[in-house]
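Okay, got some structures for you below.
Both of the next two complexes hold chain A, though its partner changes from chain B to chain C.
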Partner chain A sequence: MNSITEKLKSFIDNGIDALDDEMLSELGAPETKQAPLKPEKPQRQAFHIAAKSRLGRCLHLCSGVLLCAALISLMLLTVSRLPAFGHPDTLSHNEVSEFYVENGVKDTGAVNIVTSIILNYRGFDTLGESHVLFIAVCAVMILLRNSPTDRSTLLSAYANGDDKDEPHDDLILFAGGRIAVPLILMFGLYIILNGNISPGGGFSGGAVIGAGLILYLSIYGYPASSRFMNITTFRAVSASALMSYCAFKTYHFICGYNGLESVFTRGVPGSIFSGGMLLYLNIFVGAVVAMTMYALFTLFRKGDF
Partner chain B sequence: MPEHIRFILFCILLAAGLILEFHALLGVNRFGFALSRLHAASIGDTLGLMLITLACVVKSGLNLLSLKFAFVLLFMLITSPMSSHLISLLVYRTDKEVGREAPIWKQ
Partner chain C sequence: METVNALLLIFILACAVSVSLARSLLSAVIIFMLQSLAMSVVWILLRSPDLAITEAAVGAGVTSLLMFVALKKIHAVRTVKHEQHNGKA
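After this line comes the complex of A and B, so read on.
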């Protein structure tokens, strides 16, 4: 009686493996069988059984293949039912896009209609998107950020040359980076500042600037980049950009709702200060995106800034 | 420049560039050693791209577009040898028998 309850208890604790091994030992199996008694992994028992028997494995494979085939055929069917590109009867070609194309320049003063849509007509939505980026970095920081002792060992390992993944004193890399990094950063700034008059804007320009910063980190190493890009910079730039965006948008909504004349005039469409506050909003969005890209990269790479 | 001479020049440059790119493709897929594959790939990234860009400039004439082509070429010429250098450094550091294909000077 006692042995049965023990057996049941071990079955509950250790899954079916323990039961099998005990039964084998009771039946007088050789002693070597008892050696690999595994007390771990009670949570994987269902999968374990499926992988153990031949039929289960076969079923597992077949269901996976069937599921994949069903998904692929569903997606291909959807694609084949889509309207042709540029067809006038497509669903997306309705009065909303016509309204934007007709009144975009007149309403906002920005020649780039995409920017006028995402920052003016749907500016509140873009505010949410920027916050999503910020929250993503916060979540990654909670999960992956190092303690201060880890950080000091990381820096000392880099200084001693123990860090094999990092380039140390690489002449080719340094010479290339001296040309490439300023070019990339300048191009990103150009995209952001010209967001209201040419293709581009805060998101794409911020992504370019973030890529340039990541390149700087990869070339010149961890201590060089943490001189100017650390947690303080990230906090200051991201938070101030998001709060400024909020403030500008609040002012915009208050003025628009009450019919007041805004300080930010529409200007001459095509000049760099046209489009009211779109230029400033582009700068804020670009700052948030650049910081987010850099922070995600460096947190996943080293666990710190 | 007469139009047909320009067209012939464009064809020659484009064909040369495409032949080089084909060699790069062949080398990347057929060579057995990482450094050899890298060598083949960097042929297409440098000389092949140069010839194709030059062909495009010849085709479109000297204008703003050719300046953009020049920028693309400059950027590729800076960054592609950098990445090749890093990959070869990684192979050199991690491969224990790096000198089995050709003698390599070890520090």
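After this line comes the complex of A and C, so read on.
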């Protein structure tokens, strides 16, 4: 008798949650009345959903699988309609790609057709992509960057030697990093500088350099890397690279075509200083990408540079 | 070469399925990393080494690192210090 009135009272007071408690205790789950209500809530809700609507869950799963299968079959159907890979006739149906293959080296002086397309014919797209990366970092910075008080506590913690996440006296790690980091950075530089004559370019090389910087940060810790990679470096390099890209591209739009004489000569195809301004554009794009990679990682890690 | 290609594609499919089935988030990220690595080999076989470099650096390297850091931020992985503490207790 008493229990029923209690039950009704709790139902009136707490609504549906109280009834769920009753149901749980009937089903043999541990009593939750004595325990504080808040921490138990997610578990109880999950149990509630699982117990109540097995049919609904099954329906949910089935509809998900069906939707996924429909999407996959749609995409596979689209792929099957594409021209065969490497077939000699497929290029002749597409004037644009044929034009690029035939005139790429003559127009831009770059042996690597991919670079000549993405930085010369489609240079405006690449400008937009670089800005997308920059905006992404700005958004992450707004969300994750420490406030000045947090930053000062972080720095004082480092000054007191309370940096539990940083490596200490790890001989194998340090020795390995001494070999690996310069090699990775040099490989990235090589990819960027040879972007107009060999596979690769600003994006790939910048990603490799960014990964190398992240490796340096992970091995030698925040104090070592923040000596040369801080917010000032990020601002200076990213902004100046983006603005130089804009300036170079504006100059290119005005003087690049229509047979006007340009400062940047096409050079001998195959040498490093061929391809006009492609080398410089590759360097700018690489700088932006490397800074973006490093900034994303360090903002995720400590919320600061 | 055909068999290598087929094996790699099967491996990528298996990785993609097991990422969604993996119990722990950490192993899901590691399987995802493996898938990116296999994908970069496929790019080389498809004769686009520039994409292979990018895939290896971004897909297998930076993305997985970001996910590791995010998992650590939300305390989804136990750090070494935590384990030692538990071991002593």
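Assorted remarks:
To be clear about the criterion, the second predicted complex is superposed on the first by the 219 of 305 C-alpha atoms of A that agree within 3 Å, B and C clash if a C-alpha of one lies under 4 Å from a C-alpha of the other, contacts with A are read in each partner's own complex, and residues count from 1 in each chain.
By our rule, a residue touches a chain if its C-beta (ideal position, glycine included) is under 8 Å from a C-beta of that chain, and two chains touch if they have at least 3 such contacts.
If you're wondering where the values come from, they're calculated on a predicted model, not measured in any experiment.
Shared-chain residue A:176: touches chain B; no touch with chain C. Of the two partner chains, neither chain B nor chain C is touched by A:96. Ranking chain B and chain C by residues of chain A touched puts C first. Once chain A of one complex is fitted onto chain A of the other, the partner contacts of A:132 are absent, as it touches neither chain B nor chain C. In the superposed model, A:71 makes contact with neither chain B nor chain C.
After overlaying the two complexes on the shared chain, residue contacts for A:243 are found with neither chain B nor chain C. In the superposed pair of complexes, A:214 makes contact with chain C only, with no contact to chain B. Note: residues 164 of chain A belong to the chain B contact set and to the chain C contact set alike, using the contact criterion stated above. The residues of chain A lying in touch with chain C in their complex are 85, 114, 164, 191, 199-201, 203-205, 207-208, 210-211, 214, 293, 296-297, 300-301. Contacts from chain B toward chain A in the complex involve residues 75, 78-79, 81-82, 85-86, 89, 93. Here chain A touches chain B in the complex through residues 164, 167, 170, 172-173, 176-177, 179-180, 183, going by the rule given at the top. Of all residues in chain C, only 46, 48-51, 53-54, 57-58, 61-62, 65-66, 69-70, 73, 81 touch chain A in the complex they form.
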